[in-house]
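Below: a set of structures, written as structure tokens.
Below, chain A partners chain B and then partners chain C, in two separate complexes.
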Partner chain A sequence: MSEGPPLLRVEGVRKYFALTKGILFTQTLGYIKAVDDVSFEIRAGETLGLVGESGCGKTTTSRMILNLEEPTEGRVLVDGEPIHGLKGEALSAYRAKVQAVFQDPWSSLNPRMKVGRTIAEALIVNAVGDKARIHERVRELLLQVGLRPEQAQQYPHEFSGGQRQRVALAAALASRPKLIVLDEPVSALDVSIRAQMMNLLKDIQTQDNVAYLLVAHDLATVRHMADHTVVMYLGKIVEQAPTASLFEDVRHPYTRALFSAVLVAWPGRQEEEIVLKGEVPSPLNPPSGCRFHPRCAWVMPRCSQQEPVLREVSPGHAVACHLFDNA
Partner chain B sequence: MALADRPPSEGPALPRPRISVWRFLWPSRAKPGFRRTARVPWVSIAIISVIVVMALFAPLLAPHSPIDQTLRDKLLPPTWMAGGSDRYFLGTDAFGRDILSRLIYGARVSLVVALLALTAGGGVGLAIGIVAGYLGGAIDSVLMRLVDAAFTFPAILFALLLAVTMGQGLGTLVIAITLLLWASFARVIRGEVLSLRQRDFVALARVRGCSALRIMLTHILPNVLNTFMVLVTLNIGVVIIAEATLSFLGAGIPPPTPTWGLMISEGRGRIADAWWVALIPGIAVTLMVLSVNLFGDWLRDRLDPRLRQL
Partner chain C sequence: MTSETVLEVRDLHTHFFLRRGVVKAVDGVSFALRRGEVLGLVGESGCGKSLTALSVMRLLPKGGARTIKGEVLLDGENILEHTPAKMREIRGRRISMVLQDPQTSLNPVFSIGDQLREAILRRKRAPYTRASRAEVTREAVAALRRVEIAAPEQRLDQYPHQMSGGMKQRVVGAIAISGEPGVLIADEPTTALDVTIQLQYLKLLKRLQAETGMAILFITHDFGVVGRMCDRVAVMYAGRIVECGPVRQIFEAPSHPYTRALIASVPTMSGPVGRLATIEGQPPSLMDLPVGCRFASRCSLAEQRCLDVYPDTVRVGEEHTADCWKVVPA
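After this line comes the complex of A and B, so read on.
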């Protein structure tokens, strides 16, 4: 990938949600550690996949990158500039650079707004050009995502789920962002439409050199789209690697379990599925040491006492597991 | 009806459904075929239309002046009763004023008050509900405690106080009813906004760089208008009753302007010998409120079934 400073840099980000009781005299019962010390980078034009099961902190991480949540600790930098606490012009400049497409196409469009207006919103807010230019840009965006320009005059209920997701993508592209956070962009779509949407996303990436942060629980999507993959478990990164290397050489026991759950039907490969014992522990009171140890098949005495750190096991491939301490 | 009218060739003979007046007025939820939501309240719509037409064209429709007194003709009963005059269809009051004409003009006052108070009270409640629900936090807490306070406030007492300090009149009446209404609007709208705020399109609007004000105006407001319209229709009845009550208590529109509440108030002393003076405007208020409520219920079920608890 290209050299130079990363487009997005997430530095030791934590997000703790206080669990409180009472209205007037609030009492803090504890903290839900949704995201706990997460760091990664995305370079221009690159796709980073963020995988993990529900509740592992992927969505919270993406919401912090979108400046919809403030991190409890740590920083998020876009083009070298911290994004939290931005105001005025600087905030608008950041907003234009980072856009998003969310999972649920039924909830991500305002039902009372013509889709053309939704697509144009980022341009209207930032007062980019006059009416005619905005109109022209909306037309261009609709064509780019494979819709007809006349459809700008329609309301969201006149579209199918896949079409709505295309509209959402057009709206995200309006301000020519450098990074688009794709939070489960295809998981709500029919399988037949998923491939279309993924190819569209890839085409747009080649055309516009936009970077993606792809949040997903579906490994096939990540494999198809991402250059790098980060695996999260209970708010922590357990493994991170270039996608090709990760899919070839899975290291962390959790990632193995995750992969075995989907890849059993892979032609020519018959692996035993690793079925995890128990439930995901509560992030309110995570297990001591390695957060995965109560469910791990390779658990060692050390795992419940000492927290493993991310360690590089091969170039670009880092794992947080005591199994690889001496590697 | 439709079943009974159907020619026998179209299917097996079905027993003719018994049409019961009681069932029509009070449909039982337990009985099969109960579908109140589907029944368009034509009777209510007709009554409301008649009253609106009366209010709009009062000078053309009223046979007499609503204010001029003809003491010679005082307390005449309605036409169809013994001693009734052909000139006064619904009889006259203690000052010999035509009750029909006063009723027609009185509809104007009721509707004008309803329109103004609902615009003011509903508008304030809508704005506060949106601001509290969207911004949340301390602003929400403060505004909602204000709403709680408004609910505990005796509105009638306050209206009487206003009438004493500001003098009677349309303005006083509208202010009093506005104070009575805004809180319930604010509470319901806030609840609606709380759920809307969680929707992705609001988060995406923030991502696109919309200010809080812009989000409230372009994303939240259009999505609560349905609920707002339902609340407005459901509250027309409340306003009409409030106006009638306050006029009855002497805190509303001062005489001799005819309002339905005032007419009831003036007639109540003679309810034994000249019942029509109080009863006829009473029936008008009842019909109007009932119609508006039935219409509001229907509109609520059609537009926003989630509001059923109201």
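After this line comes the complex of A and C, so read on.
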């Protein structure tokens, strides 16, 4: 990995959503702690995988990085500069630097706009140049994502799901971003198309040195794409490590349960199986101490009283669990 | 057909008749489902797996879909010939279905209890009287307990939006099996669920199957789920089953080039990380299917014969068949 300051730095961010009652005389009933003290870094040209189940806060985290959501506490820095509170030109410059591709390309493309126009719009906003220059760049982008230049004249409905996701990617690449937030980019795609898209994302990363924040629930996808992986549970990071090290040696009981729940395709190859009891508790009233303790198979008295801190157990591999307090 | 077979589909053709042409979504599907087994029906979007299920249930979508050929034998009788009234008798009692999204299967304005009671009453053909109410409620509670829902008495008065996705899917399951059907069709039942909840649900389904001996036709696109759930697998491509066999053989020695390519393109949890294998091109248009093998245009082994003639079904092993000219018969 390259040294130097990280491209993206997330510093102790929290996001609490107030749960209110009434319209005129609003009363706050409590706070949903969607993200609670999360920190990580991404370096240029690197991929960070953010995994967890629904409600773990991975999407809220990515929305804060995209400046679509203001953190309740903490900072997000891109190239060393805090992104929240940016205005005018500085905000536009940031928007050009950080782009996003979402799960469902149907909802991110305008159905009444030719895809060439959708891509061109990103170029016009960023004042790339005159008409001919924009036309040329749209052509380039379509070729880069594996589409034909003449397909610029088609509407989104004329494309298959995989092709639409390529168009969304071309639009994201238009401003030559340094970071792309990929929110479940392949989970809506078929198996064979998913592999094509994953290969394409890797190729583009090699060519353009763009960094990815890959938000995904599929561990196998993360294994193939990410350099580092962060596992979240109920708004907290429970484990983070270089991907290779994480997949070799899973430490946190929740991560272990998550890994064992991934159905290994080959029948009879399952090693250990941990079926979690119950469901994820409400983030409105998370359990005391370790948030995972009511479902944990290794629960100790300490777990319900004291919140474990994220500590390094081997180089780069950090776990938030009392089992590793003396490690 | 053996005595064990509960559901047999023979040469099923379901097409959409549209103004701009005929979409041959299901075009010659045959398979047999035996008592107590799980048969996986795998394929990518648009291969016709869900429409096959809907044809069997005779719940085709409105807008030009018609089953024009074939037989669906449930315990030996062709249900395609039944009247709509007779079909209503069969659904829920002898054959049931669970869909992907529990949110759309449940009615949002009725409580869970109401919806369960309705299913139970319909099965009993009993009027809803004060006397039957207590009995039916007791059965509804038992049905919820069976699908491992904690505190079922309290759940009865709740509405779907008060439950999590995994819980709703359990309720749908409880309704589907309340009539003790011999065949359950599960169409991507866990696709909308988180992985840890998916594992809970699959284990539950296995347990219920062991208890009741029902046969399950499990439709999915996820090979992980197939490996976990199924005894046999049928792989569909462009409206036809191209390969069918025991799950281990399909994984360890797939015969059809499509199955092989599909399995190779799945990202794995172990082994080397590198470029994934892909299948180039697109499936053929269902409005304009090729005369020969439907996979030929994307197949690396294709030769002239593959383009000209649809391959015979070749036996490649015990209970293992593939529609391909290039495989070696056993």
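Going forward, the second predicted complex is superposed on the first by the 319 of 327 C-alpha atoms of A that agree within 3 Å, B and C clash if a C-alpha of one lies under 4 Å from a C-alpha of the other, contacts with A are read in each partner's own complex, and residues count from 1 in each chain.
Assume a residue touches a chain if its C-beta (ideal position, glycine included) is under 8 Å from a C-beta of that chain, and two chains touch if they have at least 3 such contacts.
Fair warning: this is a prediction, and the values are worked out from it, not measured in the lab.
Trainee: Superpose on chain A as described above, then tell me if chain B and chain C fit or clash.
Mentor: Fit: chain B and chain C sit side by side once superposed on chain A.
Trainee: Determine, under the contact definition given at the top, whether A:Lys202 touches first (chain B), second (chain C), both, or neither.
Mentor: second
Trainee: Examine A:Ala96 and indicate which partner it touches, taking first as chain B and second as chain C; both and neither are also allowed.
Mentor: Touch partner of A:Ala96: chain B, not chain C.
Trainee: Looking at A:Thr221, would you say it contacts chain B, chain C, both, or neither? Reply first, second, both or neither.
Mentor: second
Trainee: Figure out whether A:Asn126 sits in contact with chain B (first) or chain C (second), or with both, or with neither.
Mentor: first
Trainee: Return first, second, both or neither, reflecting whether A:Thr255 touches chain B, chain C, both chains, or no partner chain.
Mentor: Touch status of A:Thr255: no partner.
Trainee: Of the partners chain B and chain C, which touch A:Thr61 in the superposed model: first, second, both, neither?
Mentor: Neither chain B nor chain C is touched by A:Thr61.
Trainee: Go through the superposed model and pick first if A:Arg112 touches only chain B, second if only chain C, both, or neither.
Mentor: first
Trainee: Taking CA centres, what is the chain B/chain A/chain C angle in steps of 10 degrees?
Mentor: About 70 degrees, rounded to the nearest 10.
Trainee: Can you work out, in whole Å, how close the C-alpha atoms of chain B and chain C get once everything is superposed?
Mentor: 12
Trainee: Which residues would you name on chain A as touching chain B in one complex and chain C in the other?
Mentor: After superposing on chain A, no chain A residue contacts both chain B and chain C.
Trainee: Which residues of chain C touch chain A in their complex?
Mentor: 44-45, 164-167, 194-200, 202-203, 221-228, 247-248, 251-252, 261-263, 265-270, 273, 275-279, 282
Trainee: For chain A, which residues count as touching chain B in their complex?
Mentor: 63, 66-68, 91-92, 95-96, 98-100, 102-104, 107-113, 118, 121-122, 125-126, 168, 171, 174-175
Trainee: Using the touch definition from the top, list the residues of chain B that touch chain A in their complex.
Mentor: Of all residues in chain B, those touching chain A are 199-201, 203-211, 214, 218-219, 222-223.
Trainee: For chain A, which residues are in contact with chain C within the complex?
Mentor: 53-54, 160-161, 190-196, 198-199, 202, 217-221, 223-224, 244, 247, 257-270, 273, 275-276, 279-280
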